[in-house]
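Heads up, there are several structures right after this.
Same chain, two partners: chain A is paired with chain B first, then with chain C.
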Partner chain A sequence: MQTFLQLLFSGLALGSIYALVALGFVVIYRSSQVFNFAHGEFVMLGAFLMISLVRGGVWWIVALLITMVVTGAVGMGVERSVLRPMIGRPVFVTVIVTIFVGALMRVAINLIWGGTERGMPTPWDNTGVMEILGARVLFNSVAAIVATAVVLIGFYLLFQRSRIGVGMRATASDQEVALGLGIPVGRVFGFSWFLAGSLAALAGVFLGMFPRIVDGNIWLIALVAFPAVLIGGLESPLGAVIGGFALGVVQLLAQGYVNPLLGTFGNNFHQVFPYVVMIGFLMFKPYGLFGTHEVERV
Partner chain B sequence: MPTKPLSVRYEDDLRLFASRWRQAGTALLVLAVLVYPLRASSLWLTLGTEILVFVVGAVGLMILTGFTGQISLGHAAFIGIGGYTAAILGGEFGIPFWLVIPAAGLLSAAVGLAVGPFALRLRGLYLAIVTLGLVFLVAHVLRSFPEWTGGLSGISVPMLWWFDGPVVSAAQTEILGTPLSAAIQKFYIFLVLAVIAVLFATNLRRSHTGRAMAAVRDRDVAAAVMGVDVARTKYVAFGVSSFLAGVAGAMFGWEAQFLTIDATVNLIISIEFIAIIVIGGIGTVVGAVLGAVAFVVLGQLADALLGELPLLSELSSAQRRTSFQAILVAIFLIVEPFGLYGIWLRIKFYFMAWPFRY
Partner chain C sequence: MLEINNLEVVYNKVILVLRGISLTIEDGQIVAFLGSNGAGKTTLLRAITGLLDIHNGDVTKGTGSYDGKPLFGPDPDAIVRRGISHVMERRRIFADLTVEENLRSGAFTRRDAGIKDDLEAQYERFPVLGERRNRTAGYLSGGEQQMLAVARAMMARPKMLLMDEPTLGLAPRLVEEVAQVIKDLNAEGIGVLLVEQNASVALQIADHGYILETGKVVHDGPAEQLREDEDVKEFYLGVGGDGRRNYREVKHYRRRKRWLS
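This part shows the complex of A and B:
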């Protein structure tokens, strides 16, 4: 039982990071119909930027805000310069473009920071542990879960109550009609990318914390988060959050309980297990939990 | 200016090389390619062999993505299956290369057909991500059996002429005064494979199945309404594509002579093949060939030239290559969506209409 709780809490902490990443995908996809393969690089940028700022002596929480804003701004820049000219082209084309934008960003980040490993500084005790229901949980995990919860509530309010949130929902539902009603669709695109970028940065900061580290491979998180997006459904923010948490928990439970069953085949099996789950799941629900069913017309 | 002769019989339409000029051009090209390995330096011989490997793989992806419109990020999985089949059959069992080729292709095609059911249910991004999952799964399986695949340390890929026989090696024969070295033999073997792949794809495109593929690509519901068997077409596309990818994987292994899982079965390789067909021109066989040539040659040039620039020389050669590819593909997608083939068509039409603009 204690092992189970332990795995559950670590899973939720990891899941909250997946949820942030997955939400970023969905926000961009909903507003601009772009599936952003460069998302992992935003996570990477956020993590490296944060470390440099904190080491440069900026107060932690201020550094976090600066990181989120800068990464968001980079996202906006990418949208404006590369993806705006691509509007109206097939999804496939934008996928390829974002893959290569990601490759370029990765090279740039390597050039600036180098690929060496580094730890993410935290204002609290980095390896501190607290006991919840008998399970030992890292402060870092608790912080990740709490921060994600706060951000998600903020997001909900933004989507439901704010002017730009309503604009985003309108754009998601029909771009041309939204444009006709006077919603600045271009600005909505930019804002969505800004949001997604800052979410990715936040995810990067928590992803880099102990027991994990920040290195040149941190962008791979985006590839691992794909199953969360697809299981939740491409168009659904709620689905992304549920998918993200589920993915984190399933992955860690698989590490604890499935890997040992499989012998040598089980080494690191938890890393591909989300994909196995996703493939099986999509066979029965091809549009995920809450994805929009495409209406087929000839 | 030569024009295409008026087709008055069905046979005229069926001919691969419609005009005399085409035939002459093809003959010249064949001659040039045949002489190429005898005159090329060893660096350019290697590049030429690489091009042939990429041609076979790109033709495979072209059939799936270009003809049938199924986006696949899983090409690297099939490349890996082919490569490791060649490594294990050649290294462990001493099977000669001409038996390895069909084996690698068939094994890879079997896995490709297993993706078929997903392709029937999913489309677009969902399918792309599932095929990406295939890459991770294949990499995981390969890593799980280190006694066969060498695990993380990699495995060497021998290319044998005969059972337990000699590795393809320096023979005594000379052609045009050049001894027929192992590299040159490899080039000719790969050339035959590439030509077969290209001819096969060209003819496939003109066949009933090829037209069904195009219909599925343009709108699968409409195709189904018109009586095209969508399921069968998608299965054929996945099967043929992964067969060719498996063969390309075996060639890739023989060319590299050594495979590691991380360098073979990863997203980057899949993306490189997508880059090739985008640069070449999606939906045409010529595009796959042009793309492969441009990809290898330009990649080499970029590596050499960009290394001279101050900031970029700090990058590793792989990074330089990646960034060059990235910029090139972005430019093509924004400016010339039909790729090199599109540029070629524009040049051709310009001269056909010359001196008039239209």
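This part shows the complex of A and C:
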């Protein structure tokens, strides 16, 4: 039981990172039908920026806010300069473009920071643990889960209740009508990229705490989180969040219970397991949990 | 007043769809645009509200003005702010938003405190919408969706409504209801540019009518005059028609007959 709880909490912590990444991906896809294959690079940018700011003496929480805002602004800039002119082009073209943008960002980040490993600073003891229900949970995990929960609630309120949220959903629902009503669709796209960028940055900060290092490969997280997006359904923010948490939990449970059964072959089984789950899942629900909720009266 | 002179619109740089349209709409009038499929009615509305761009269409000639200021700029939201709202063909409500969210999206250009009152005003005008304010709009009936589309446009507080075939696909009783709504709005001082294929309803409520064919105005006049016009009757009102293909041909045929006799 204790092992299970321990795995569950670690899984939720990892899952909160997947959820943030997956949510950003969905926010962009929903508003502008762009598969953002540069998403992992925003995670990377967030992680490196945060480390530099904190090392430069900025108070941790302020550094986090600056990191999120700056990364978001970079996202907005990418949308405005690269993707806005591509509106109406085939999905395939925008995919290639975002892959290219990602590669460029990687090069730029490596140029600025060098690809070397470094630790993510935390204001708490980053090896510290606390007991929850008898399970020993890292402070890092608790912080990741709490911060993600707060941000997700904020996102929910923004998306469901606010003026810009209604504008975003209206734009996703029918772009031409949204334009016709005077909703500045271009600004909605920009705002979506801003949100996605800052969510990715937050994910990067917490991701940097788990192996407790940040290196040039951290962007690969986006590929790992991708099953969460497909399981949740490409256009559903709620699906992305549920998919993200589920993915993290399933992955850690697999690591804890399935890997040992497989002997040496099993060492890294948990890393492919999410893909196995995803493929199995998509066989039964090809549009994911909350895909195709096309509302239509029959 | 809305005025358009010699408007030409081209899609995809090559397809000429409007070939020199001129029109005038006085404030507070209902003006009907009649024409068969593909005549260019929707295109005319898109040109006014700045929605040609996303269809890869361009205004290649002509001028337009509304309240003395030029039309055909690139920003649809600027037009909405100037008081022109567009109710699109086939209703096009946001199906996965609630009724109330649909209405709020219609007020996106506004930031004043009157939005709440205007919501209530719409619910008063359309009680069914009030009863269903928290329902997902996609589950409303066709008639209710049309009302929602009108109410959503009204949330921008327009001075003029452009309505694209609002009676399309509605049962006769609902057609009457929509016509009544248009009359009521007009009585409150709102100008209406009404695009319709249902000519008899449109000419009943309109002050003035234009007949559009393949991108040209082929005839226009006061609505009561058009209602009595033999050619219009024959082709658009389905009175005594004998299957001729379009208004211009009828006209041409008559002219020839007159010459011959």
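Following the convention adopted for this analysis, the second predicted complex is superposed on the first by the 289 of 298 C-alpha atoms of A that agree within 3 Å, B and C clash if a C-alpha of one lies under 4 Å from a C-alpha of the other, contacts with A are read in each partner's own complex, and residues count from 1 in each chain.
By definition in this document, a contact is a pair of C-beta atoms (placed from the backbone, for glycine too) under 8 Å apart; a residue touches a chain by one contact, two chains touch by 3 or more.
These numbers were taken from a predicted model, which means no experiment stands behind them.
Asks: After the superposition on A, what does A:Pro260 contact: first (chain B), second (chain C), both or neither?
Replies: Neither partner.
Asks: Where does A:Arg163 make contact in the superposed view: on chain B (first), on chain C (second), on both, or on neither?
Replies: A:Arg163 sits against chain C, while chain B stays out of touch.
Asks: Once the structures are superposed on A, label A:Val272 by its partner contacts, choosing first (chain B), second (chain C), both or neither.
Replies: first
Asks: Is A:Gly119 touching the first partner chain B, the second partner chain C, both, or neither of them?
Replies: Once the two structures are laid over each other on A, A:Gly119 reaches no partner at all.
Asks: Looking at chain A, does chain B or chain C touch a larger number of its residues?
Replies: For chain A, the partner with the higher number of touched residues is B.
Asks: May I ask you to decide whether A:Asp174 touches chain B, chain C, both, or neither, giving the answer as first, second, both or neither?
Replies: Touch partner of A:Asp174: chain C, not chain B.
Asks: Contacts for A:Gly128 in the overlay, against chain B (first) and chain C (second): which applies, first, second, both or neither?
Replies: It touches nothing on chain B or chain C.
Asks: Chain A residues touched by both chain B and chain C?
Replies: 296-297
Asks: Report the residues of chain A in contact with chain B in the complex, numbered from low to high.
Replies: For chain A paired with chain B, touching residues are 35, 82, 85-86, 89, 91-93, 95-97, 99-101, 103-104, 106-107, 110-111, 223, 226-227, 230, 234, 264-265, 267-269, 271-272, 275-276, 278-279, 282-283, 286-287, 296-298.
Asks: Flag every residue of chain A that touches chain C in the complex, lowest number first.
Replies: 88, 163, 166-167, 169-170, 173-184, 293-297
Asks: With touch defined as at the start, can you tell me which chain B residues reach chain A in the complex?
Replies: That would be residues 71, 117-118, 121-122, 124-126, 128-130, 132-133, 136-137, 140-141, 143-145, 219, 221-222, 225, 267, 271, 274-275, 278, 311, 314-315, 319, 322-323, 325-327, 329-330, 333-334, 337 of chain B.
Asks: What residues on chain C touch chain A, complex-wise?
Replies: Touching chain A: residues 49-51, 54, 56, 76-77, 79-81, 85-86, 88, 92, 94-97, 101-102, 104-106, 108-109, 136-142, 152-153, 156 of chain C.
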